[in-house]
Amino acid sequence: MAIRTVVWGENVHEQHNRVVAQVYPKGMHQCIADALNADPAISASTATLQEPDHGLPQARLDQTDVLLWWGHAAHGEVKDEVVERVAEAVWSGMGLIALHSAHFSKIFKRLMGTPCNLTWREAGERERIWLTSRNHPIAAGLPDHFELENEEMYGEPFGIPEPQDTVFISWFQGGEVFRSGVTYKRGAGNVFYFRPGHETYPTYHDANVQTVLRNAVKWAHNPAARIAKPTEAPNVPVQVALEPITERGPRLHHDGEEGFR
Amino acid sequence: MAIRTVVWGENVHEQHNRVVAQVYPKGMHQCIADALNADPAISASTATLQEPDHGLPQARLDQTDVLLWWGHAAHGEVKDEVVERVAEAVWSGMGLIALHSAHFSKIFKRLMGTPCNLTWREAGERERIWLTSRNHPIAAGLPDHFELENEEMYGEPFGIPEPQDTVFISWFQGGEVFRSGVTYKRGAGNVFYFRPGHETYPTYHDANVQTVLRNAVKWAHNPAARIAKPTEAPNVPVQVALEPITERGPRLHHDGEEGFR
Amino acid sequence: MAIRTVVWGENVHEQHNRVVAQVYPKGMHQCIADALNADPAISASTATLQEPDHGLPQARLDQTDVLLWWGHAAHGEVKDEVVERVAEAVWSGMGLIALHSAHFSKIFKRLMGTPCNLTWREAGERERIWLTSRNHPIAAGLPDHFELENEEMYGEPFGIPEPQDTVFISWFQGGEVFRSGVTYKRGAGNVFYFRPGHETYPTYHDANVQTVLRNAVKWAHNPAARIAKPTEAPNVPVQVALEPITERGPRLHHDGEEGFR
Amino acid sequence: MAIRTVVWGENVHEQHNRVVAQVYPKGMHQCIADALNADPAISASTATLQEPDHGLPQARLDQTDVLLWWGHAAHGEVKDEVVERVAEAVWSGMGLIALHSAHFSKIFKRLMGTPCNLTWREAGERERIWLTSRNHPIAAGLPDHFELENEEMYGEPFGIPEPQDTVFISWFQGGEVFRSGVTYKRGAGNVFYFRPGHETYPTYHDANVQTVLRNAVKWAHNPAARIAKPTEAPNVPVQVALEPITERGPRLHHDGEEGFR
């Protein structure tokens, strides 16, 4: 079965900025979904901020293997309850791919536990993306480096936890560097951040970028059955301990009760 | 100068449960602070849930090098704004040591980005704590293993991100194992989780446990000046780029403005 | 195409010890290969110490996607040149799974850069293997824990580098714990160490152990084309620099020459 | 007591190349040692390839807290037994700092278990070193970036294991990036690799570079007593098991014997 993928787009710039609308006439989310659907192993649809529940009701997340997230101007408008719902889906096994300005999305910051801040400059400068982890599945079919002639600069220090894999590092014409592809595991879910994708440039039309996105969806996909209650902390009564033990000393709790939260 | 340390205690069980009050007549937080103050390199005071701002106003955090956190029954009563204040202090360089049931504290979950759940059993069983990272500073002066004759069991899977260092792993009489000492870096702050410390047992009177706590304070202490604005994402105007570049293509932002959040 | 897998067995105890020969009449390597071949996605053959080149000539490694390694009494008899050949194959993308006493094999120590030492006891005691990374691909289809009624004990501290993923931790009846399933990346190759498998017990006949081995082969398999020269350090002449630069200052080397080793 | 530090220099280019001799009239090793000795917390001496045992007999390593290593043209002349001796010292707790072309030294490759290869160009181009881990002890007192106007280029992919901390990433004028400061733990020893330092440029006279080196020595220093036998794998006889167990099933070994290697 194809990997059930949802591309979430904030869909704000496309509606209010003529430049962005020209580069992405169907919206950035649709451009990305089209690129993913070019691979028969992936079945991608879209969701946007403006839909009820931002297009991400529980029933849909339950049927989503991998979620891609692009947001920028409207991070603050994303409802906290949807953010928590997405976080729980990740912990239960859904993959998440955060794109470009989604470094500051509520969901990415929620999963990282860090500020996720950086320096930035919008000058259409050259970005060269270097592979640091050879033959990493996310880099399949890519050369050791590729270029985007016009991109926004993001610079270090990038306020993230030390990654599980550092896959890409970018060189910028103006003199900065940036960890552009980094992976994490959060609960049972695989998380990938990928830097390029400023809305005024045709980045998501780039063949190498599209290859990264398709690879990343496959990498992030966890085929195991979703964990039913990813935040549960079950009590194990003394009577069913795996090794026979006898209760000793005082206690605060009764058998089988929930722990304090 | 001694490491300025604050031991935060929820201080609920000590007030409402006779057993806990007998084991910790001055409160768990005071017992821990006393253990820390036995080392002249540490200067420890206490703060509790019941104080204004839970005893953690900004001015006090600004003067705190390392914060220890013990909470259990009242995690939900900790104000979100204090949690964010503590998180920012960690990102700016303050050390944080989360103790026992603080695995479910708002601040620890906030910094991990994961559920931090586990299995548990309150049977006063034997716990044996094994050192996994020899000569780790947090294990200075400890043997390869030590025992606590009566402790609550916490079992794997423990819902944390893969640690930077795994320092201790516990063996439990009833058949479980648990990663009992794990380290992280969050922003400029060092974070350590240490498992033992159930309120009905005299764990914080144990000499080995006290050694771990003193070591952990020294390990977590970052002597560098605190980062002033740990979440800031500064724009770098084209005119001051480190390498001379010329602006190209369309742009959304003006020089020096704040990025979207 | 099925994953081309080779199970390397030292094949010494099976020839000299009646107990081992009874438990594994066809050899441990063949028992493991049979378990792998039960999955049509895997095509497993065997190699042993006694064959020319220990059964691992370059031509065979070139056609091997994943190599499993079991050795114990004869670590010292494995030729250094074969060890280097296997290491290069791993760096170029071959997966490696080190089993049980292979913690002390030349190839595993070579790839870890650490002593890989531990404590041990041969008492046929109970081992309980706990999952620490829920829904990790190597744990697919497994419960949160499973038991081996008779195993050799391996205890912490285990002299390995901090793993990329800690997948399993073992509890032992005699009071020890051990990181029983750990992953690494070395060059382009995925490496997994799995603890159980003492030769005098029927561990490799256990259904859960066999599931782990099949999962591990799939996890370790890197479908990318093998890297041709995984240790090469190419010179990039000034004339072909990606950004135009002019040579400045003194130099030691000529264009295109090899670096010193 | 000051941190007992040894700067190991290959001392070949200084003897055979006039340019290098002019930049480092007392040798690169002495220049580095002088920079370290400017801090009263450090007591640095030197050792060179040409001395008996390369200046690193066991007795000296036993009294060395941190070893710095610079080598290039003569990696192959370093005796394997000295490499093993240094590796054991690291595992037992000695810190190691590998400098520049020491990425290809026997000792660094030995501890990494990977090829440690890279791309390179000797053109005296500009290198800008960015801090990625804010307030890391190795970056104490440094700005977010600093420049070396003339350096050799090293480019990704760099064949190292994923670091424990990525502290610095370099930008090069010719278009490459490189992870220039990375940390590891190997046994009880802290390991740091720092990229800059090509022999024909005055890099080790640079104030920021000298700050990094002094910081790194302090970071790498493990004040704990050295582990006596860092590769030992002790047997734990059944009779002294921490939990009472009875021997069951067949066994290969006798109590207290050494494991196979």
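Order of writing sets the chain letters: A, B, C and D. Residues in each chain are counted from 1.
Please note the rule applied: a contact is a pair of C-beta atoms (placed from the backbone, for glycine too) under 8 Å apart; a residue touches a chain by one contact, two chains touch by 3 or more.
Remember, it's a predicted structure, so these values are computed and weren't measured experimentally.
Participant: Through how few touching steps can chain B be joined to chain D?
Facilitator: The distance in steps between these two chains is 1.
Participant: Taking all residue numbers at the chain A to chain C contact, is the shared part over half or under half, that is, same or different?
Facilitator: Shared-number fraction above one half, so same.
Participant: Per the definition at the top, count C-beta pairs in contact and tell me whether C-D or B-C has more.
Facilitator: C-D is joined by more C-beta pairs in contact.
Participant: So which chain is farthest from chain D, going by the mean of the CA atoms in each chain?
Facilitator: With centres defined by C-alpha atoms, farthest from chain D sits A.
Participant: Between chain B and chain C, what is the separation of their C-alpha centroids in Å?
Facilitator: It comes to 36 Å between the two C-alpha centres.
Participant: Using Cα averages as centroids, what's the distance between chain A and chain C in whole Å?
Facilitator: Whole-Å distance between the two chain centres: 31.
Participant: With chain centres defined as C-alpha means, what is the inter-centre distance between chain C and chain D in Å?
Facilitator: The separation of the two C-alpha centroids amounts to 27 Å.
Participant: Which chain D residues reach two or more other chains?
Facilitator: 128, 133-134, 155, 159, 162, 164-165, 173, 175-176, 185, 187, 242-243
Participant: Classify the inter-chain contact topology: is it line, ring, star, complete, or other?
Facilitator: If you draw each chain as a dot and join those that touch, every dot ends up joined to every other.
Participant: What residues of chain C sit close enough to touch chain B in their complex?
Facilitator: By the definition above, chain C touches chain B via 128, 130-134, 144, 155-159, 162-166, 169-172, 175-177, 179.
Participant: Which residues of chain B touch chain A once you look at their complex with the stated criterion?
Facilitator: By the definition above, chain B touches chain A via 13, 17, 19, 72-76, 87, 91, 101, 104, 110-115, 117-125, 150, 153, 155, 159, 161-162, 164, 173-176, 184-187, 199-201, 230-238, 241-243, 245-253, 259-261.
Participant: Going by the contact rule at the top, pick out the chain D residues touching chain B in the complex.
Facilitator: Residues in contact with chain B: 93, 128, 133-137, 140, 145, 164-165, 173, 185, 187-188, 222-224, 227, 242-243.
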